[in-house]
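Shared between the two complexes below is chain A, which has chain B as its partner in the first and chain C in the second.
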Partner chain A sequence: MSRYGRSGTLVASGTPGRSGTGHRAGSPGYASGLTIAIVAGVLLGAAIAAPWLAPQDPYDLASLRLDHARLAPLTRDEDGTLHLLGSDDQGRDMLSAILYGLRVSLGVAGAGTALALAVGLAAGLGAAWRGGRLEALIMRVVDLQLSFPTILVALMLIAALGQGPDKVIIAIAVSQWAYHARTVRSTAATELRRDYIAAARGLALPAWRILIGHLLPNCLAPVVVLATAQMAAAISLEATLSFLGLGVPVTRPSLGLLIANGAQYVFAGQYWMSLWPGLVLLATIVVIQHTGEQFGRAVAGGVSRR
Partner chain B sequence: MGYSALVRIVQSLVTLLAMSILVFVAVYLIGNPIELLVPPQASESEMARAAQALGLDQPLPLQYLHFLGQALQGDMGRSFTSNAPALTVILERMPATLELAIAAALIATGLGIPLGLLSALHEGSRTSRLTLGLATLGFAMPTFWIALLLVMVFSVQLEWLPSGGRDASGTVFGLGTSFGSWRGLAHLAMPACSLALFKLALIIRVTHAATRDTLRLDHVRQAHARGLSGVRILTAHVLKNISAPLLNVIGLEFGALVAFSVVTETVFAWPGMGRLLIDAINTLDRPVIVAYLLLTVALFTLINLTVDVVCLAIDPRLRQAPNR
Partner chain C sequence: MTIDPRQGAGVRMMCSPTSARLPGRSAGLRLMVGLVLAVLTALGVADAEADSAATRPAPALRIGLAAEPTTLDPHAVNIAPNNALAWHLFEALTHIDARARLIPGLAESWQAIGATEWEFRLRHGVRFHDGSPFEAIDVVASIERARRLPNGQFGSFVQRISALRIIDPHTLRISTSTPYAALPLDLDSIFIISHRNAMASSDAFDRGEAAIGTGPWRLRRFSRGEGVELERNDDYRGEPPQWQTLELKVYSAERSRMAALLGGDVDLIESVPGADLVRLRGNARYSVAQAVSWRTLFFHADERVPEKAAAKDYPLANPSVRQALSMAIDRRAIVDRLLDGAGLPASNLVSPGVFGHDDTLPTPVFDPARARALLAQAGFPAGFDLTVAAPNNRYPGDARIAQAVAAMFARIGVRVRLVTLPVNVYLPRARRGEFALALLGWGSFSGDLALRSLLATRDPARGNGGWNWSYYSSAKVDRLLETAFGEIDLARREAMVRAAMRQAMDDVAVIPLHHTMASWAMTRSLSYEARTDEFTLGHHVRHAALPR
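Presenting the complex of A and B:
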C-alpha cells in the first residue's frame, strides 16, 4: 500500500471547483506555516500602515516630480531622498506606490469577495431552505455561470458597467457568487437533514432563527475555505482587469496597474517598475492560497472525525 | 446515450439563447455611443438621425429581436469605429487567437499530464514535491506578470526571442500560420508559454489528484496482485479512469485559454481578437463587443457540448444516471 503514497486522509468531498480549489493533502510543504504566517502578517501590516510607512504620499500629485521619474533602485534623487525600489514614470517612489497599491488591491478584492460571499450565502441557503422551483432556478443559473471562465464574466460586466473600483468589486462579486452558492447549498442540504434542525423545528422556532442561528453557523466552515481561495482569485482578477486598463483609476493604482504602468519600460531594460509590484502580488496570492489550503485541511479533518 | 446527448444539445441551445439576451441587454445598457460618433456640436436632429440610422431609437426588445434575426444570418452589425461588419472584424482576428490557444493547450497537456502522472506514481519523492511546488507557484502567478518576466529574461537580457508581434509568413497546408516557420514559432513561443503556465499547473494538479485517487482503488491494487506490468496498469486501469475528468478539465480550460488570451495578446501585441475586445470596450464599439462575446459564448457552448458527448461515449457510468 505504501508504494501508492501516503495512506488516504479522508477529505470532505467539497467542490472540485474549476479553479482547482479542491486541492489538498498532496501539496508540498515547500514553505512552513510559520514563514507563511510571517509573510502574511508583514503584507497585511504594510497595507494597513501604508500611510505611516511610505516615504512619500503617491496620491499627492503636487509632490510628484517628473524629473524624479524612472530612477533605478537604490538611487537618491537630487533632494537626497533614497528610492529603495526606484521610482516610476510619474516620479512616484516605487516602495510607496507598492504599499498604497497593496492597500487598493486587498481592499477591492476583499470587498468583492465579501459581496460574493454574502450573495452566495443568501442564494445557497435560500435554495436549500425553499427547495423546489426556486432551488432548481438558482442552481441552473449557477451551473450556467460556472461553465464560463470568470475573466469572461468580468469582462462582460466591465463592458456593460464601465470602469472604476466599484465596478471591479461588482465584477468580482458577480463572477464568484456562484461558487459560494453551490457549496453553501450542498452543505445546507446535508445539514437540514440533521437532528438539531428537526429539534429546532420541533420547538417551533421562527424560520429566520433556524436559518441564521442554527443552519448558517454550521454551513460556514467549507465556505470560509472557499472564500479564502476566492480572495486569492479576486486579487488576481482585479490585477488582471487593472492591467488591461479596465480596473482602478491611474491616480490610485493597484498592484496590477503599477505592473501595467511599468510594462512599457520593461522593453528598455527598466525592470523595477513591473518586477517589484509583481513580486508583492505573487507573494500575496501565494500566502492567501496557502492559508486557504490549510483551512481546507483543518476543516476536512473536522469533517472526517464526525 | 442518444437520448442523453439530445438533452445536452437542447440545453446548449437554451444556454446560447439565454446568453445572447444577457449579452445584448448588458452591453446595450452602457453609455450612449451616439455621443462618441457624432461631433459634439451636432444638433439634436442630426443626433436623432444618426440614432435612427444605427437603429438605436427602437425599444430594447425590438432591437434585440432585430439583432437576433440578423445574428442568425451572420450579420452582427457594423463596427462603429471601422464601419466593417463586426463579425468579419472578429473572424479576421480569430485564427491568431486560436493558434495561440492551441499552442498553449498543447504545452499544458503535453507537459502537464506526464508530470502529473509521474508525481502521483512517485508520491512523496523529491521530484514529485518539486513538480507540485512549481505547480502551486504557477497557479498563483498572474498571466500578465509571467509574460513580462519572460520578456525581461528572453527578449531584453538574453535577446533570444522577439518581444512581440506575430509572424504568419510560413504556411501549413496553404494557411499562413506561426507554426509554418521558425520565425513564426519564435514569435509564438513566449505568448504560448505564458498563457499555458496556469493551465499547466492546473492540469498537473488535476492529473496528480485523479491518479492518486485511482491508484488506491481496489481494481488497481488487484491488478498489481495479479502481477500485471506497471505500463499495462497505467494504460489500461489508471489512464482509462482518469480520462473523463481530465477531458472535462481540458475542454473547459481550452475555452478559458481563448478568454484569457485577452491578457497575453495585450502584453505581446499579438494581433488576435482579445486585444480587439479591449479596444472595443475602450471605444464603446458595441457591435464588436457583442459579436466577440456571442462568438466566445458559442465557442464555449460548443466545447462544453462536445466534451459532454465525448465523455458520455467513453465513460459508460455517465450514461446510467443522467442526473448525476
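Presenting the complex of A and C:
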C-alpha cells in the first residue's frame, strides 16, 4: 500500500501487505492467496514471454495452412510439428494462439483500464476541486453514462468508430471512466475537508501542488481497487466484443475471439478450440477479481484503523 | 444505484438476430454459455440430445431461420430472408421450383405475342386472405407499387415494363420498352398484393393490415426480433400446408441454431454448418437435406485506379494480377477443411445447372508458384498491400473463408489487411467501395440476371450493374447481355449468356470461390426437399410418413 500513500494518512495506516487481509503462513487464506499469486505469475509471464514460448507465430498468415486445421490435442501435423493443445480452424497452433491471445486480451484490457483510470481521475479530481457548475456538469455526465449498460456504450462506440484494438481500448475507457470519476470525486470531496489540505492551503501552495502532491495520492487507494475489478470487466468486455465479431481483427485473435471461432465446432465434438482459451480466460478473470478483492480488504483494513 | 455493466439490451439492438433467442440476457452470459457448452461437449454430455421434438405430434411447425426478415413489405428490401418470408404470405405470377426451374404461379400460362409484348393468363378462383378475388388489376397494382415505392429494391425487375393492358380480369398484356426475354423470370420477384393495398406504407405491412396475399399462410403475428407466427390459409388455391400453424424463429449464430434443434425448441433448421451435418448424418433422430445452392461466393476486385496513382501502380486494374490472386486460392482446401465438404469450387458466377452456366470454363487451378511469377511479371515482385473484406455473419463460414484466403495471399507475398464485419455494417461500406477486395454471395437462377446486376457496366437508369463493386466494364459483355435479353429463342439466348459469362471470367472480373451447399436438418419425422434457392418454406415441410 505504501506506493499509494506518499503523504497523508494511509502511510501511517499499517505495514504493507499484511495490513488488510491478515493472512499468515499456514492459514487457508494464505494458501489460496499463494495459488492465485502463482497462477497470476504464470499467466503474466506467459503473456510477456509469448514470442519466445510459442512454437508458432500465429500472426504470420503465411505460416497458416488449412491442411493443418482442427487437429486434436497431442497430434502431429504432416510436417511433424506436435500440437500440444491441438490446432484451430485456420491451422493455428492452439498453444501459440492462446499465448498470443492472452497478450492481446491483457494488453487491450490493461490499456483501456489505464486510460479510463486517467480520465476518471482527472474528471473526479477536477470536479471535487472546482466544485460548483463544473462539478454539477461532470457528475451529471457521469450519471447519464452510468445509466447506460456498459456493453451498450461499447457497442455504440464500436459502431461509430469502427473496429480494431485501439477502438476497443477507447470503448473500454469510455465505458468505464465514469465509475472512476464518481469514486474519485466522492473520496476527494471528503479529503478536501481534512486538515492536511487546509494546512497545504495555509502554506499558499499552488493549486497543482495541492492537487497532485497531496490530494491525488490520498484518493488513489479506493480507485485502484476499483480499477482492478474494472480490469476484469474490461477483459470480459473485450472478449464479448470479439466474440460478437466486433473486437480485435480475426487475424490477431484475443482469447474471446478464439472462443468464438471454436464455438462453431462445439457440436461437432471438437471441443479444444474453445475449451482451452476459455479456461485461460476464466483463470485470468478469477485471478484479477481475487486480487481486486484482496486490495479492497487491505484498503478497508487500513481505513478502519485510521 | 446498481448497474449491471453487461445488460443485454445493447446487444439486442445492434445484433438482434443473434441475441433474439436470449432476450434480456447478456452477451457476456452467452460467452459463458459457449464455454459451458465447450466443457459439456468435452465431457460427452451434449450427446444426450433431447428427442422430445422427434416424438411429439405437432399440428404446429417450428422452424429455426438463420437470418431475420426485416419487413413484411414484399416490395421494399430485396434480401433472401424477406423474400423467403414473403413466399409464405404472397405469390407471384411465376414461381421457381426446388430445382430452380420456372413454373406457373398465379399465372397459369404466358407467351410472347410479339417482340416486345407478353400475354399472361391468370388463374381463376384465387382469393386473397381477406376474401377478395385475385384479378389482373391486382397485378397491375403490384407492379406499379414495386416500381414506385420510395427506396424499394424491386424496381429493377420491372424497369423494362413500358405498358400494362388489362384485356379481361384474367388476361394481362405486358409490353416492354425493348425486346426482353427474361420478363417471366423477373416477374418471379414481384409479389402480388391486393390492389386495395396499392398505396399502403411499409409500416402498414409490418403491422399486418396490408400483409394480405394469396399465399398458403395467413399472418398471425410479426414483430422484429421475436420471429413470425403464421396460420394455415384453408382457402389456398393449391395443396394446403400440412401444419395448422407455423412459427419462424431466428437464430443467426450457427451454434445456437443447432442448439435449438437438438434441444427441441424447433423442428427444422436451415443453413446447417458442415461439421454438424457430418455429425447429424450419424444420428438416427435427425435427417438432413442438402443440395448445391444457387449461391456463389466470390470476391469483387475494385478495378478503379485511385485518383493520384498511375494505372500500372494499381495492381487490381491488371487482369493478370487478379489472375494471380485467383490462382493463389486453394478452393479445394477451403471446401474440404473449412466447410467440411459443404461447397463446390466455382468456375462460373452461377451454379451448375443454372441457365447460362458455362460447363467448359475450368475451375481456377491452385498454383502459388505461378501466381507469384504472374505478380512479378505484372511489376509486383515484392507483392503489395491489399484490403480484403467480408461479412462475418451472412454466409456459411464467411469470415473464416476470408481469413484463409488472406493466409493464402500472404504466401504469394500479398500483405492483407483483413476486415470482417457484421453484414448490416459490411454491406453499406462495401457498396460505397471502401474495400479493394470484397466478398459477396449471390443467388441467381439465371446467368444473364446475375451478370446484369454484378458485372454489367454501371447504369442505374437501366437497372444495370447495381452490385458491380468491381466497376468492371466490358463492351462485349454488355452487348452480349443486351442481345440476349432481346432473344426469345431459349437456346440461342443461353449461348449468348454463356459467351458473356466466359468473357467476364476470362477477364477475372470477379474472383470466384465456391458455390455453397444449402442444407437443412430436421427431426426424423419430417421431410423437406432441398431447394436450390435456399428458401425454407414451411408449406413444403411434410410429415416424413406421408407420401408427397
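Criterion: the second predicted complex is superposed on the first by the 275 of 306 C-alpha atoms of A that agree within 3 Å, B and C clash if a C-alpha of one lies under 4 Å from a C-alpha of the other, contacts with A are read in each partner's own complex, and residues count from 1 in each chain.
Definition applied: contacts are C-beta pairs under 8 Å (C-beta built on N, C-alpha and C of every residue); 3 or more make two chains touch, one makes a residue touch a chain.
Given the structure is predicted, the values throughout are model-derived calculations rather than measurements.
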Exercise. Pick one for A:L157: touches chain B only (first), chain C only (second), both, or neither.
Key: first
Practice problem: Return first, second, both or neither, reflecting whether A:I285 touches chain B, chain C, both chains, or no partner chain. | Solution: first
Quiz item: Where does A:D89 make contact in the superposed view: on chain B (first), on chain C (second), on both, or on neither?
Solution: second
Self-check item: Touched partner set for A:L44, first chain B, second chain C, both or neither
Solution: neither
Quiz item: Taking the superposition as given, does A:L244 touch the first partner, chain B, the second, chain C, both, or neither?
Solution: both
Exercise. Classify the contacts of A:N261 with the two partner chains as first (chain B alone), second (chain C alone), both, or neither.
Key: second
Quiz item: Who does A:A232 touch here: chain B (first), chain C (second), both, or neither?
Solution: first
Practice problem: Return first, second, both or neither, reflecting whether A:G269 touches chain B, chain C, both chains, or no partner chain. | Solution: both
Quiz item: Is A:I36 touching the first partner chain B, the second partner chain C, both, or neither of them?
Solution: neither
Self-check item: Residues of chain A at both interfaces, chain B in one complex, chain C in the other
Solution: 147-149, 151-152, 155-156, 159, 236, 239-240, 243-246, 256, 259-260, 263, 266-269, 271, 274-275, 278, 281-282
Quiz item: Okay, in this complex, where on chain C does chain A touch?
Solution: 1, 3-11, 13-15, 18, 26-28, 30-31, 34-35, 37-39, 41-42, 46, 254-255, 258-259, 262, 273, 275-276, 278-279, 330, 333-334, 337-338, 392-393, 399-400, 402-404, 406-407, 409-411, 416, 418-422, 425
Self-check item: Contact set on chain A toward chain B in their complex
Solution: 1, 4-6, 8, 18, 20, 23, 26-28, 30, 144, 147-149, 151-152, 155-162, 232, 236, 239-240, 243-246, 256, 259-260, 263, 266-269, 271, 274-275, 278, 281-282, 285-286, 289-290
Self-check item: Touch list for chain B against partner chain A, complex
Solution: 15, 18-19, 22-23, 26-27, 29-31, 120, 123-124, 129-130, 132-133, 136-137, 139-145, 148-149, 151-152, 155-157, 163, 202, 205-206, 208-209, 212, 215-216, 221, 249, 252, 255-256, 259-260, 262-263, 266-267, 277-278, 281-282, 289, 293, 296-297, 300, 304
Quiz prompt | Residue numbers on chain A that touch chain C, as the complex places them | solution = 60-62, 64-67, 69-70, 89-91, 146-156, 159, 163, 175, 233, 236-237, 239-240, 243-246, 249-251, 256, 259-272, 274-275, 278, 281-282
